[in-house]
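Please find the structures below.
Common to both upcoming complexes is chain A, partnered first by chain B, then by chain C.
After this line comes the complex of A and B, so read on.
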């Protein structure tokens, strides 16, 4: 009797643990890993109109590497996403700094205010920029109304610059939070020690604050760069034909062009660039610490 | 002659500049969004200054639109189901990674946070291929699956933060008193985590309610609200209605995220 009693709870706890792992396993391995695996699988298939394609091939990747159109779009995507990332992180840095080190009792309110837009519709935020930048939009009507311009300008909407500004607006919380987290952990005594030792504010910033924030800046750069690289909505709404990015090309393969394997290959290429960026980011942050 | 500036004053002037920058940044962040509700009350098809007069007409047209009713219903259905699934997965994955200390549990928590590192277009096509492989094709269940996936990172992060903040001694005390793991979860951990669970559910719901690109790939005959809006953006005449609809969606997002934040804070306070 006694051994049986000690065995029963063990079996129960085993069943319990398996049950606790089940939803995550179904979702994580069954859906996330499997569906991404499908994309990679499809990238190496011929397009015959069926879901999984036919026969194995490298030709999708050969097209991407040899057709100058794709190199051009890829380069443009990296340039726009890179510029947007730099702009977002630079503009966000002073805000994160201020909230983390000078926030005082306003800190949690400010943090909430900068993250709130993130929880509103991305599509609507991009659409808002279309209203701002359009030919008969807000920016033009203010400029004409105040006499700075004589007639509305077409120079704002449908440019790569419009994409960069819109992305910097849309991904602001992504940049602020990691930098804030890195700076928040900075001991206040370190700053006081620096100023007691006679360091000017700028020197304190350059020698104490900036190095401490590097991991946060790298994380921020990654979490902004990754989604902007594959973005579809912003180039489509405010970018115009000169800002077609890789996300639009992928969408086209699954829409009008109806070449799923090629679209999958483009997606794999994007994921490789993302992975490369992450490895680089990790290397940089490890190099800083070591 | 140079007058030395006391460091205190110097600090405060650079501090003032910093605060002015933060204020300008917040204006940059909120001004474009505020234009949507502003123009939704404007009595003109064009979104330009000067304003032409106040009207509620766009909202009236909005409520008569059949397509919006069905899109709203689809969005709510997708949001509630995907948030429930994402919360279930988020709670169990976080529990496993915080309390079970197994490699598999850690792997799952990593995989569950992976969608944040993948551009939406790629999640969209991955789910589209999956849906066609399984045979359901672009449909409401397919969108629910896709949105569960993008809701996961938020639920996992909220729940992991909550579970990790529990003092170890609570679990140990319960174990010493002979409580089984399930009893511990049901009687101690879950009641303590209820506000965080609510917060996670709301964030997952919001993520789904606002999500466009995945729903765009997976929408069959029943589009969600953002996909419906996307379809309307082509027609300049329907822009004011889009802005009225957008204002309501923004209001929902703001209210739900304030509630979620309040819940999360209450959870941390106890």
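After this line comes the complex of A and C, so read on.
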């Protein structure tokens, strides 16, 4: 017979472990596995107006594949999100570089400042851009006031470019932090070695700093590309009809088009596109290492 | 922990997570004694509820939406207020979804003051003196234009298809407005469309898309853009005209030859509400003179009661371009009724906006 005192700690530790696992399991299963499962489930249903749809069907995916509109909007979304990602990373790189290599004792303060815009609501930041880009906004007023333009231009607001600018600003910290982390880990001795071997600053940057920061750049690109691809608030507020993205189309299905199964199918299709992007990104980084 | 116990624990957790998800909708139900009111943003202001709030101070909890189709989605997903505020054209959809229950007009002492043409709207009738919706507000949809930037336009909805003003016009992002107007311009009946009619409407909407600076339901952004001169014309509601005139912006509310749209909205009682008595009291208070008078004077919308119109007086009505007898006006405008092909129309509109 097993002595009682060895059983008690075992049960206790089991209970403790279960309790420790509980939040993670609830979050993981309830919020991720269950919700994703529900979306995938819904994607294969007929729309009869009810919450869970009726009967099984492929027709939602057939529509997505055969109607050129969805490919067109998906392509537009990839273009806008891709441009926004490129703009974000290009703007973020010098900032991260300066903080990591030239920040000195101000580093923590500078990083803290980078996160400052997060203290205001995202909507507020979008509206700020609306004010800057509007017909009688800051940008137009400067151009007209300085005589460059005779009349305010309509070319800034309600365009895909406005969406790119707004997204690039909003996602800058997400890009700065991973690039900073990659650069911060770069051993200073490598830079010294490069200069000892006679490399000029540009060569050092090109052959030492840049390759070392590629993982950070790729992470930054992922972190920016994935959420911007599905964004619908920004195009709705500053984009105009020419920048309706796939996120808006999904939202519309769950909203007034009242076709939840089709919305779910679109969401699954977007996830597949994102997964494709991830695989591509991973191939790129692995290929670089090998 | 062995693998077996782990998977048992996991299974139990998965089950409870599923059960929790199923009961969440139950938890979202309104609490007793406090009335939950789900309405268009701006319609929750306390001055509309003076009578009700006198006897039940601080007991209305309001939740707002920007479009009654989005509201429908939220209700479908399990949100259960006591009273909601959709428009007439949505009533059949809401009724068919089993969301609402009939309202007994005998319990509303102010019901007698509601304009006869609103009382007799066909889709409202639930039989036996009961209605699906108690009309409270009505208004028009037409083109608001800057009289200085666009002097003497042709009085027609065709203005919203005029290439001359490409990029300087906007329209309302709602099925019961823009597609209905497109049908009028295409010369077909918006409320019952044959497949070939549907194609004509689609063609009109496609023609319009490149000319629009935006599709929006946000009247404030339309007002701002009209005030700045970015837009010269936009589809809009009465309220925007009143607000712009107050700011001194020279605007007019067009009377198109094809007819303005008239819409009416009101209160529906959500099925199974625990606060039915309060809901009746609330609706009756909204049909009171003071509530309707606030609606007319502050927002320029029509109230549903003749008593409110009488209280405002002919001069103020004229200033707001509201008729002294709405029953006459309903006959000369296009009344936004339930659309037989609302779902198809909605899908088509969304596709065209996206470039399809």
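Here is the rule we go by: the second predicted complex is superposed on the first by the 287 of 290 C-alpha atoms of A that agree within 3 Å, B and C clash if a C-alpha of one lies under 4 Å from a C-alpha of the other, contacts with A are read in each partner's own complex, and residues count from 1 in each chain.
Following the convention adopted for this analysis, contacts are C-beta pairs under 8 Å (C-beta built on N, C-alpha and C of every residue); 3 or more make two chains touch, one makes a residue touch a chain.
Just so it is clear, the structure is predicted and the values come from calculations on it, not from any experiment.
Of the two partner chains placed by the overlay, only chain C lies in contact with A:158; chain B stays clear of it.
Of the two partner chains placed by the overlay, neither chain B nor chain C lies in contact with A:214. Contact with both chain B and chain C is seen for A:22 once the two complexes are overlaid on the shared chain. Using the contact criterion defined above for the overlaid structures, shared-chain residue A:169 touches chain B, although it does not reach chain C. Legend: residue contacts after superposition of the two complexes on their common chain; A:186 is shown touching neither chain B nor chain C.
In the superposition on chain A, A:252 contacts chain C only, with no contact to chain B. When the two complexes are overlaid on their common chain A, residue A:195 makes contact with chain B while staying clear of chain C. By the touch criterion defined above, A:94 lies against chain B but remains apart from chain C after alignment on the C-alpha atoms of chain A. Set against each other, chain B and chain C differ in how many residues of chain A they touch, and the higher count belongs to B. In the superposition on chain A, A:241 contacts chain C only, with no contact to chain B.
Residues 17, 21-22, 25, 29, 33-34, 51, 134, 136, 254 of chain A are contacted both by chain B in one complex and by chain C in the other. Against chain A, in their complex, chain B makes its touches with residues 7, 10-11, 14-15, 18-19, 21-22, 25-26, 28-30, 32-33, 35-36, 39, 46-50, 85, 88-89, 92-93, 95-96, 100, 104-105, 107-109, 111-112, 114-122, 125-130, 132-133, 145, 148-149, 152, 180-182, 203, 206, 209-213, 217, 226, 229-230, 233, 242-243, 246, 249-250, 253-254, 256-257, 261.
In the complex of the two chains, the chain A residues touching chain B come out as 9, 12-13, 16-17, 20-25, 27-29, 31-36, 38-39, 42, 51-52, 91-92, 94-95, 97-99, 102, 110, 112-114, 116-117, 119-125, 127-129, 131-132, 134, 136-138, 140-142, 145, 169, 172, 195, 201, 223, 226-227, 229-233, 237, 247, 250-251, 254, 260, 263-264, 267, 270-271, 274, 278.
Interface residues of chain A, counted against chain C in their complex, comprise 14, 17-18, 21-22, 25-26, 29-30, 33-34, 49, 51, 67-69, 72-73, 76, 134-136, 152, 154, 157-158, 240-242, 244, 248-249, 252-259. Of all the residues in chain C, the ones that touch chain A in their complex are 1, 5, 9-10, 13-14, 16-18, 20-21, 67, 69-70, 72-73, 76-77, 96-97, 167-168, 174-175, 209-210, 212-215, 225, 228-230, 343, 346-347, 350-351, 353-356.
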